[in-house]
Amino acid sequence: MKRNIFFVFVVALLLVLPQFAGARDFFKVGVITSLSGPLATGGNVTKYGYDMWANTVNSHGGIEIQGKKYKVQLFYSDAQSEPSQAASGAERLATQEKVDFVLGPYSSGATLGAAPVLEKYKIPMITGSAESPLIWKQKFYYTFGTIPPVNFTGAGAIKTLAQLKPAPKKAVILGSNDAFSKSTAETFKEASEKAGIKVLKFSIVPQGQDLTPFMSAVKVLRPDFIGFGGHDDELINLVKALHQIDYTPKALLMHYGVTEPAFIEALGKDAEYVFGGSVWTGSLHTKSDILWKDAKSYFEDARKAFGIDVDYTHAGSTAAGIAFQAALQKINAAPPLKMEAREALIKALEDLDITTFYGRVNFATEGQFYHANVGLDPLTIQIQNGKVTLVGPENYAEAKPWYPMKPWKER
Amino acid sequence: MAETILKVDTVTKTFGGLHAVENVSFNIDIGEIVGLIGPNGAGKTTLFNVISGYYAPSKGNVYFMGEDVSGLPPYKLAIKGIGRTFQVVKPFPGLSVLDNVVIASLSRHPRRRDAEAHAWEVMKFTGLADRAQILAGSLTLAGRKRLEITKAMALEPSLILLDEVVAGLNPTEADQTIELINKIREQGKTILIVEHIMHVIMNLSDRVVVLNFGSKIAEGKPEEVAHDPAVMKAYLGEEEQ
Amino acid sequence: MGTYIKGSTIKLFALIFVALLLLPLIFRNPFSLRIATEALMWIGLAISWDVIGGYTGRVNFGHGAFFGIGAYITAILMMNWGWAFLPTLPLAGFGAGLVAFIIGFPTLRLMGAYFAIAMWSLALAFQQLALLMNITGGPDGMRLPTFLNPEFFFYLMLVMVMGTFVLLWYLMECASFGFKVRSIREDESGAMALGLNPTRIKIQAFVLSAVPAGLIGGIYAYWVSYIDPPSVFGDIITDQAIVMTILGGMGTLIGPAIGAVILFAFKTVFWAYLSDYQVLYLIILGVVIALTVFFLPNGVWGTINSYLDHRKSKKNDSLIS
Amino acid sequence: MLLLLPQALVDGILIGGVFITIAIGFSLAFGVMHIIDLAVGEWIMLGAFLGFYLTQWTNIEPLLFLPVVFAAFGIIGYFLQPVIFRVISGIKGDPVLMGLVFTFGLALIFKGTGLTIFGFYSHSIPSVFSAGSISIEIGNFYLTIPIMRFVGLAYAIIITIMLQYLLKKSNFGLAVRALAQNREASGLMGINPKKTSSYVYAIYVGISAMTGVLIGSIFSLSAQMGARYTALSFFVVVLAGMGYLAGVPWAAFLLGLIQSFFLIYFNPGYTLIAVFSILYVVLLISPKGLFGRGW
């Protein structure tokens, strides 16, 4: 009877026994991302982006290496929004599936869990959405990212705001207390101070906190704009809270979630006028000869595939695949990738400088953005007429920024 | 003159202004059986709880073997040698009878092996040995009351407080319990017993203390007390209600 | 219960221990070892939860706090004071135990849901504290040096968890402590009449429950090499330990171990090979939990056990008659 | 900053109003059946989505659907209750704990189903009330009362009063209270414990689902929202005293006021640590909830 424990144990282990992989004519691509748990929303966005890349590559017959086309096959591993599970997933993909390279997690926690393991097995990873500066400070040799960290992009939106007429002078900046949102708020604060905007109040608030009382107090301060770093439902709740207390600052700036289709869908007219930081939109002018010719065609394809208006997280994730694809072609590496090939791949990625539908992909090789993509310009967007519209910097702007914000009631 | 084992000295216990026990004093000598009687709500159980440490007296003191023990927690008193049963029986229902008794034995026999051996001895003495492996929760009421006594005995107390161990039993069971109490007395234990059934207490006790509305109204030999006018009034008064 | 350490029990433990020791030789795969290490970790968390939850009868919704405290102690000592890993472990266990000791006195007076919620809110307060302090890195968490040696962590976890198991087995099933704790669970005031000091016994059990969690937390921090407040102070640690214990059978040690292995094996296999159906996982897990509670209210081991007891007592009856 | 004091008070009470709605049904279910339902947040989630879709299809004010949502989920609750009853009335195992784990299983099933059907994204229920607020501005003195929140508070108070009335004044309430006191005895008195429990559970599930619509209007809704509200509801109910219905509003207001005062007067980052620490300390001081009246 007590043998049961042992028996169960053996069965459990037998089930996860290694499966050996021989020579093959396709690329094994591991995907570690949070498909469940608190971060599943973002995790599934990255999944769409990775799927989009894999499906499109395969519909073109695969990646062409020295005249032969190799298809790609994705092997998913759910990080469950937990660093330990990301690490476990990385170990499985590395040792059991023996993947050639990995498309990485959503969120810094999962990335920091998986990266050391991949480092050990010398498997390159590009993450399509990990915007926390934390990751790049660690200087993982095998980890890259297509979306620049928020301390690289966040300042752009503030610059755009600072050029508005009449220029905003006072700001209240707050961020939710998670790694990404906190850095967002800190970046907003630094950039504002640099631009000569006075920060009246800077607060890091607990995640998911009902901010109505806070906003009532802010209302008294009458700041020109409010900057907020947070995740999807927090952004929605904040806008609703402002509407409910009937307070319209001259401008409202948020990061990440405003370009997500759910934001506009959920808020309707209230989403109008909200500024956001981004690095890509479906209307961005990009030119490329890899898979999609420009942002628009990607946007349209994605809409056909998923029925939603995709944002930069999708695009960044797809671009992660493209970056690998381009680097592989450069070093002419056919699957399966041996250790040397993977080392060469890292070098190729470091040297990579391509333009994609997503924009320029060029990974930094030193400094605080080590291995993050610094080829992009930070963009400022605003929700105008239910659409994510580029309003800055000037050379990218499709429309003038709407300013100041129209009071909620007059919409 | 026999030695006093328990001295209750002007004990008062109030609950929010209500005097549950008021200014009660009496002594118990070693080897005695003292009955504590009184109508419902007379404060018998409260007094029991004061003596066994569940309540600290609001005023007055309790001396056990000459030592002031007022306000000591029950577990310290149990170690000192006061064993008790509960009117509402409190076995550990999820544990076997044996385990129930072993836990009590542990206070004197810290090693489990010794405690278990001791528990068997006590169970044989009280006649529970044949039911040792049953869950305490599945015992009959008589069994549970007997288990209460067994547990109290397993503490090897010098004073044992029995709170209505006969009430609710059928005549046969009651006789068995009385027999057991007599056996316990033969072992030289001192017993303070609360009981509702008059003939039980009158037959068992050497002396009787009568409480009414928290105060002592009489004390003495059973036959004397039975004819005390104050006692008769208290009981008759109760019947009238 | 009611059994001393039998020769057969010792032999069985020894057998399991040797089998586990040899495991890395059979499965030379690091992933399998990682899974085995994590399974051991969950066994440790579940049995340590059961000390206070099952044996003492205080359902603790904040067990994860001890795990998190251990993890952060190890991380802080290593990263901020440059300690080597192993010396931090005793402190991780000690820290968790100390916290249990301090909060034990006031908190353990609470009963049932009040205790559960008090501990839960305390655990969440610790999580918030870790999010706010500088020494813990706030929401950024802490990255520890990586030491990716699967065998090391497997053996360390094995020794820790087996050690905990054997110690708890001795205390709970063999020594008198198990009796005392159970009597507290059954009836505190009744226990007092038998010379037991409930406060002291509860605090002892609480510390006994916290220390292994702290030690495991310390190992976890170095093993995963990255910790942040949600991952080590999150509800998931406590939730899983409770579900595992109840599935396996509360108030026993083998029960939680079985529950931990079953749940963890299910989870791992599901995630590893069926992750396309991630949402289905929640539904299946929910169904499994609901059905188990519905049909096996004493958990898997509890049910097996009472069946065995039943058979044994039947045999005894036939002997008597 | 003293000028903000009325605002802090009002905000605290308004947050408290939302908390009441989350917790009141839960408290009722515990008080009568002694079941700790860890699926309460999922009922809120499911109710919110029903309200969301009804509003999308019809474009009618969502709060008008409250009775529909109540009825729909009341029926579900009515038929689910016997299953839960069986779990918590088993002889083996601790009934409260069994109920707790069983409903945890239910919660996982609901959440999984919710994610499958509704997806991961957050939504919002548009209500006409979310548009306005009552604003008082005299010099430096500001006071804003969001109408939506006020509606929430009103809803909370109405539900509380209705439940109190139902329990204290009606025959049904008598049966419920008898049942809460003693299940066996109530059976002898001609009360059908199973039926009464089913009605109570139906009311609880119905209220929780209606609350979902309100939450979706004030905040947002997503398939993942449940756990958060389960925790909140649990905290409020325990602070009030398990099953002590009349304590729920006060516990809710206390938690709301802690939040609003920390957000306005102190470091907002410390709001939650304050909430949890105070909750912990209050329980230590008053071990059966704020009024010592819980089970």
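So that you can tell them apart, the chains are marked A, B, C and D in the order they are listed, and the count of residues begins at 1 in each.
As a convention for this text, a contact is a pair of C-beta atoms (placed from the backbone, for glycine too) under 8 Å apart; a residue touches a chain by one contact, two chains touch by 3 or more.
All of these numbers come straight from a predicted model, not from anything done at the bench.
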Set of chains whose contacts include both chain C and chain A
D
Identity of the chain that, by mean CA position, is farthest from chain B
A
What chain lies closest to the overall centre, CA atoms only?
C
Per the centroid of Cα atoms for each chain, what is the distance between chain A and chain B, given in Å?
74
Could you give the separation in Å between the centres of chain B and chain D, each centre being the mean of its C-alpha atoms?
48
Can you work out the whole-Å distance between the CA centroids of chain A and chain D?
36
For chain C paired with chain D, centre-to-centre distance based on mean C-alpha positions, whole Å:
32
Would you pick out the residues of chain C that each touch at least 2 other chains?
128, 132, 279, 281-282
For chain B, residues contacting two or more additional chains
none
Among the residues of chain D, which are close enough to touch at least two other chains?
115, 269, 272-273
Of all possible chain pairs, which ones touch?
A-C, A-D, B-C, C-D
Inside the complex, what are the residues of chain A that reach chain C?
1-6, 8-9, 11-13, 15-18, 35-36, 38, 40, 76-78, 80-85, 87-89, 91-92, 94-96, 108-109, 112-113, 116-117, 119-120, 132, 134, 138, 177-179, 182, 206
Chain D-facing residues of chain A, complex
38, 40-41, 44, 174, 177, 203-206, 208-214, 216-217, 219-220, 232-233, 236-237, 240, 243-247, 260-262, 265-268, 408-409
Where on chain D is chain C touching in the complex?
36, 83, 86-87, 90, 92-94, 96-98, 101-102, 104-113, 115-116, 227, 231, 234-235, 238-239, 242, 269-270, 272-273, 275-277, 279-280, 283-284, 287-289, 294-295
Please name which positions on chain C make contact with chain A in the complex.
12, 15-16, 19, 23, 27, 29-32, 34-36, 38-39, 128, 131-132, 138-141, 143, 146, 148, 220, 223-228, 230-231, 236, 254, 257-258, 261-262, 264-265, 268-269, 271-272, 275-276, 278-279, 281-282, 304, 308
Sort out for me which residues of chain D touch chain A in the complex.
3-4, 7-8, 11-12, 14-15, 18, 115, 120-124, 126, 130-133, 135, 140, 142, 144, 146-149, 218-220, 222, 224-225, 228, 259-260, 263-264, 267-269, 271-273
